[in-house]
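Structures incoming, each one as structure tokens.
One chain, subunit A, links the two complexes that follow: it is found with subunit B in the first and with subunit C in the second.
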Partner chain A sequence: MSIHIPTSLDDAVALLHELPRVQLLAGGTDFMVEVNFNRHDVHDVVALRRVTELQQWQHDETSNTVTIGAGVPYAEMENGELARLFPALAEAARTVGSPQIRAAGTLGGNLGTCSPAGDGLPVLFALDAVVNLASHRGKRSLPIGEFMLGPKRSALAVDELVVSVSMKTTTGWQGYAKVGTRNAMVISVASASLVLDSESGTARIALGSVGPTIIRCTQAEQWLQTQYDISARKELDEAIATEFGLRVSQESRPIDDHRSTAQYRRHAVGVLAKRLLQRGCVQ
Partner chain B sequence: MSETQIYSLRVNGKLRDVTDAWLGESLLYVLRERLGLPGSKGACEQGECGSCTVVMDGVAVCSCLVLAASAVGADITTIEGFTDGALTDVQQAFIDEGAVQCGFCTPGLIVAVHHLLDNTPRPSEMKIKEALSGNICRCTGYGRIFAAVTRVIEQRAQQ
Partner chain C sequence: MSPSIVRTRRDTLGTSALRPDGGAKVQGSFAFSSDVWADNMLWGATLRSPHPYARIISIDTSEAIKIAGVETVLTAEDVPGQLTYGLIESDQPVFAAGVVRYMGEPVAAVAADHPETCRRALAAIRVEYEVLEPHVNPEDSISGSVPPIHPNGNLLRHQRIVCGDTTVTGPVVVECEYEIGMQDQAFLGLEAALAIPDADGGGVEMIVATQWLHEDRKQIALCLGLPEEKIRLTLGGVGGAFGAREDISLQVHASLLALRTGRPIKMQYSREESFFGHVHRHPAKIWVRHHARNDGMILKIEARMVFDGGAYASTSAAVLINAVTHIQGPYRCANAVVDGFAARTNNPPCGAMRGFGVVQACFAHESQMDKLAQACGLSPVEIRLRNAMRTGDRLITGQPVESVAPVERCIRETDAIALPPQMTSSPHELLLPGGSGRTADRQHITRGIGWGVSIKNLMYSETFDDYATARCRLENGIVTLKFATSEVGQGFITLAPQIARSVLGIDTVIVDPMDTTIGSAGSTSASRQTWMSGGAVDGACRLVRERLFEHVARQQNLDPLQLEIDDTDIIDTRGTLRISVSQASAGMTFEETFEHHHRPTEDLDENGQGNCHVAFAFVAHRAVVDVDTELGLVKVVQIATAQDVGRALNPLSVLGQIEGGIAQGLGLAVMEEILMVNGIVKNPSFTDYLLPTALDAPDVVAVLIEEPDPQAPLGAKGVGEPPCISVTPAIAAAIRDATGRAITRVPVRPSDICL
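== the complex of A and B ==
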């Protein structure tokens, strides 16, 4: 076993190439639980906390694109400029664990672990985020829907790391909602993020914890666009919100596990979708 | 850093060598078992309870979720580092308000309260609750803990 603490992206990428069984360490909030409970052999660890390129975010105003470094902690998304740009991301960040967890946990870690319960992931999918990756072979970018493949499975190669995510800012409304057994310190039982993009008149909704990975409800999105003028966002008929919730829940694919049942999750995620839509349409 | 290499951590202002340690050890374990600092408590070992809270580079984190050898270069303050022996105002307020019962969560809460009030001297009630939401206490029901925090805020405002 060895531990490496590179201070630049180039050094980190070189280590990933040189070391045979490398494990990436971001905030440690998943990794160390595995280590502490001996469920995980520790090999060569590359700790990313000192890689400065990963700790920053930029807003390119000409392309309306925000790029958030993989190592930016959730605490930085809860308030301030990032929260203003992406209110849904701020809402999701505030539901992650506790202040101690949010000070450590990162979007890069969320993507690297790729749990269907990752709180940041439905928001990234609803924002049509692009995941930027790097390895010694070069850089590539993937739409998040092609990055997330299944439960704790992603398109990340063994010698590759998540550098950042890029999203366009949107006009309109966006939000996030989550069901769990309590308010703080809880892994979601079901979650949803809704983006109502008034410029293009489109809706995007992504669900967490109700399928093998994050699910985009493209059919419900398209149906909503035929029923309701998203650009105008005038008063919403409750029947449309109810039907939207129902259609979203039909696109979920939940399972029974130790946290909840498939039946409850299917119901709850429909309620979340309806509630988000109603929130987004109340002026 | 290979399996047996010695590394040094800056804890409570002093550089401390960590020897004979497995590199997979958490900061919590190293503090308690290698460096003789048992004030930080280990309960859940998965970041849920906050008993092991320390301040690292200015932010409160769960030391059970920090790989100790990756914390080289960081500035770490444990519960022991908040006092030179006498009780801090937060500790005294916890005693005066009866905010301690079994005591297991107390060191983590004291660190979290110091961290909160050092950064936000006059927090709202919601802010206090939010700041302590990662510290689980199963004895007190939190009422007396919030009373202790309020007492410290009032005392500091009068100084």
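== the complex of A and C ==
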């Protein structure tokens, strides 16, 4: 077993090329759990904390695009400028584990693990984020919907790493809500993120923990646009919110497992969708 | 309303003396038993069965032993003494031999130079299993419909209680079946021990986190085939216990590895292994029918109680007895027919956990009291007041409650505690059900209020003489106390010096390490150490005081019976003598040992009659919860409680037990459960076995009811278990109040509320 501590993205990418069975380590909040459960035969580890390119985020105001490095911890998204730009991301970040976990855990880790319960992922999907990847072969970018393929399966090649995610800032309301059976520090049983883009008059909603991967409810989104003028944001008829919730829950594909039942998840995610929409239309 | 914490000049009885280890624990410098190291030590690790039930066809350790750094691999064949152990019945193999009966049962152990080497060695052991269909339904054990999975049979115990006129019926009848899930003690300090072999290989010294050093020693010695005096145990730093350290876990394995390798062995479980390494709270199904008069007075109780004991006996027989003898709750009842069964299955073994059988019974009887209240048109408070037990009432076992029984006062004083303020129009988002998940807004929340009242026996029952020993030495103005009482966080290490200061008027009190060089203190469980070890320390200190008074009386030519301790002085009650204790004892050494025994108890006969318990404590809880009825999420807002403590010897410590017990009872009410499918544990981690966080913990408003118990050496009743018992049904009742749902099962799952 070897540990490598590259200090540049080029070095990190080169290591990924050289070491065939390498494990990437950022916050370690997923990886170390796997190690402790003996689920990984750990060979070579590339620790990414000192790769400065991954630790930063930028706001390009001309293109209204924010790019968040894969190594930026959730703690940095909870408050401050990032939270102002993406309130839904801040809300999701605040639900990630404990303060200690949020100081270590990263969006890159969420993407790399690609669990349907990853707290940040519904927000990224609802924001139409683009995932920026790098390998010795070069760089590429994928819409997040094409990046996430299934439960803990992504389009990430074995010699590739997540460099950052890019999102356009939006005008309008955005939010996130997550059901767990404890009031803090809990893994998601069902979650949802809603973005009401008042400029384009579109709504985007993505669901966590209710399918093999994060689910975008495109049919419910389109239905909502026919029922409600998102740009005008006038008072929302409760019947529309209820119907929206139902339609969202119909697009979920949950399973029974030890954390909950499919029936509850389907119900809960519909309630979340309804409430998020009502929250978004109250202001 | 909560007890005021007053700092005084002297940390005597009744003051809120601070824990001597509190600072170290807060700062992280306290040495838990997992922090102990020795030169030249090896690491030990355990191979466990992945199957709930399987025949072992073969075990091949040859590849494991070849790995560089692996010193030894042990299996059942290497156990030199008794092949099984157990607290009541020796039925649990040190290592599985021929068959595994639960997922996680130890099959082999290795010693190696590094934990990683151990891990590889375990992976290299080849065990061939013939997987069998697990027997997981306790009803099959009762009916005898499945073949025995153990030579001792599938029924661990059946106990019946028949009391009074069983033909009595009442105009009001309420009945229901209740279910309680499997809770884990989930102490934060994982199982850990360091075993150091004697140079001649003839004995072992062990530093271990346990609840009862002497019982561990007895069981280790039997399995090693060594005399008890060859095994010497010292208590390591214990990070919580809650019953899970009553049964031995890694003690025999570590000792065997140490003797085999001749080197110190360190063993410590991971969190996952811990879930398999200790017993859990029994899951139970309890059917109860109450007959009552129209005015709510209980006429008869009928109950059938089924406890799933899992694969091995542990303390199931005693847990069951607590369950059947407490099913009436703290209420008068003249007639009863109760059947209790503890069944053996291929589920994980269950045994002691805080509340010990009474938790399950209490959820059933308190849920019934609310049903009864509703049927009679009474409030939850009124139904309980009308039926409240009083000192001298008889239990359905025929035993008179000679302990002070201030049940009515517990209820009234809890009722008098102010309710929390109504939720504001814009409450802090974190305080709503759903917490940081921000699932709810104000309009989604309904508030509910619920009640729970309980009775809990103290000390061991059914003829068990669980005595406690303590020694007191007064030398040159310094008191040294010695006892084997396990300090598991409950605070005896704080209390013992308080007792010595009060009895002897000396402020400098040293507590020697807790080990087996003195007689047994019994287990730190059953809410018993304040009473039992407290009685022993008090007794030893009083004997020393007698010697001291005799000495002073001889010197001063006085009658020793005239002397008294006044603060830190000895005074002559009929004269003028006043001399400080340290001065009076200068140059002298007094040393006395005292054993405290509680009064004898009886076995239950075949009709469940007999004075089987020593004493009782009572408590009332009122829960206020906010429920998101659409998502089924709960926030417990406030727990009000009045607890019968006898006498608060350290109010801060009592409050600590109350707050901690409430958190644990809240866990059982709304989130803590080991989930199994056909004997397979699905959630052995803190990701999926959820414990309450600070955000889940409610405001606790506590009143201590101090009516000293004349039977108790210091007037004080045990306070450890009662806080966690009736809080669970109180929360369940509050959820019922908020939702109108039946709620017949704990933990209450979101789907139980909203689907």
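Criterion: the second predicted complex is superposed on the first by the 283 of 283 C-alpha atoms of A that agree within 3 Å, B and C clash if a C-alpha of one lies under 4 Å from a C-alpha of the other, contacts with A are read in each partner's own complex, and residues count from 1 in each chain.
FYI, contacts are C-beta pairs under 8 Å (C-beta built on N, C-alpha and C of every residue); 3 or more make two chains touch, one makes a residue touch a chain.
Nothing here was measured: the structure is a model prediction, and the numbers come from that model.
Chemist: For A:A177, select first, second, both or neither according to whether it touches subunit B, subunit C, the two together, or no partner.
Modeler: second
Chemist: Between subunit B (first) and subunit C (second), which, if any, makes contact with A:R279: first, second, both or neither?
Modeler: So A:R279 only meets subunit C here.
Chemist: Once chain A of both complexes is superposed, is A:L25 in touch with subunit B (first), subunit C (second), both, or neither?
Modeler: A:L25: touches subunit B, not subunit C.
Chemist: Answer with first, second, both or neither: which of subunit B and subunit C does A:L111 touch in the superposed model?
Modeler: neither
Chemist: Considering only touches as defined above, state whether A:M185 meets subunit B (first), subunit C (second), both or neither.
Modeler: Touch partners of A:M185: subunit B and subunit C.
Chemist: After superposition on the shared chain, which partner residues are touched by A:I3: those of subunit B (first), subunit C (second), both, or neither?
Modeler: Touch status of A:I3: first partner only.
Chemist: Using the superposition on chain A described above, determine whether A:S260 touches subunit B (first), subunit C (second), both, or neither.
Modeler: In the superposed model, A:S260 contacts subunit C only, not subunit B.
Chemist: Is A:A103 in contact with subunit B, with subunit C, with both, or with neither (first, second, both, neither)?
Modeler: Touch partner of A:A103: subunit B, not subunit C.
Chemist: Under the stated touch criterion, which partner chain does A:A47 make contact with: subunit B (first), subunit C (second), both, or neither?
Modeler: Only subunit B is touched by A:A47; subunit C is not.
Chemist: Just which bits of subunit A does subunit B share with subunit C as contact spots?
Modeler: Dual-contact residues (subunit A): 33, 36-37, 183-185.
Chemist: Give every residue of subunit A touching subunit B within the complex, in rising order.
Modeler: Subunit A residues touching subunit B: 1-5, 25, 27-29, 31-33, 35-37, 42, 45, 47, 49-50, 75, 97-101, 103-104, 183-185.
Chemist: State the interface residues of subunit C toward subunit A in the complex, per the touch definition above.
Modeler: Against subunit A, the touching part of subunit C is residues 119, 123, 270, 272, 430, 433-441, 444, 630-633, 635, 670-671, 675, 677, 682-683, 685, 687-688, 690, 692-696, 749-751, 754-755.
Chemist: Which stretch or stretches of subunit B touch subunit A in the complex?
Modeler: 1-3, 22-24, 26, 45-48, 50, 53, 59-62, 64-67, 69-70, 72-73, 112, 130-131, 133-136
Chemist: Which residues of subunit A touch subunit C in the complex?
Modeler: It comes out as residues 33, 36-38, 91, 94-95, 175-187, 189, 191, 258-261, 263-264, 267-268, 271-272, 275, 279.
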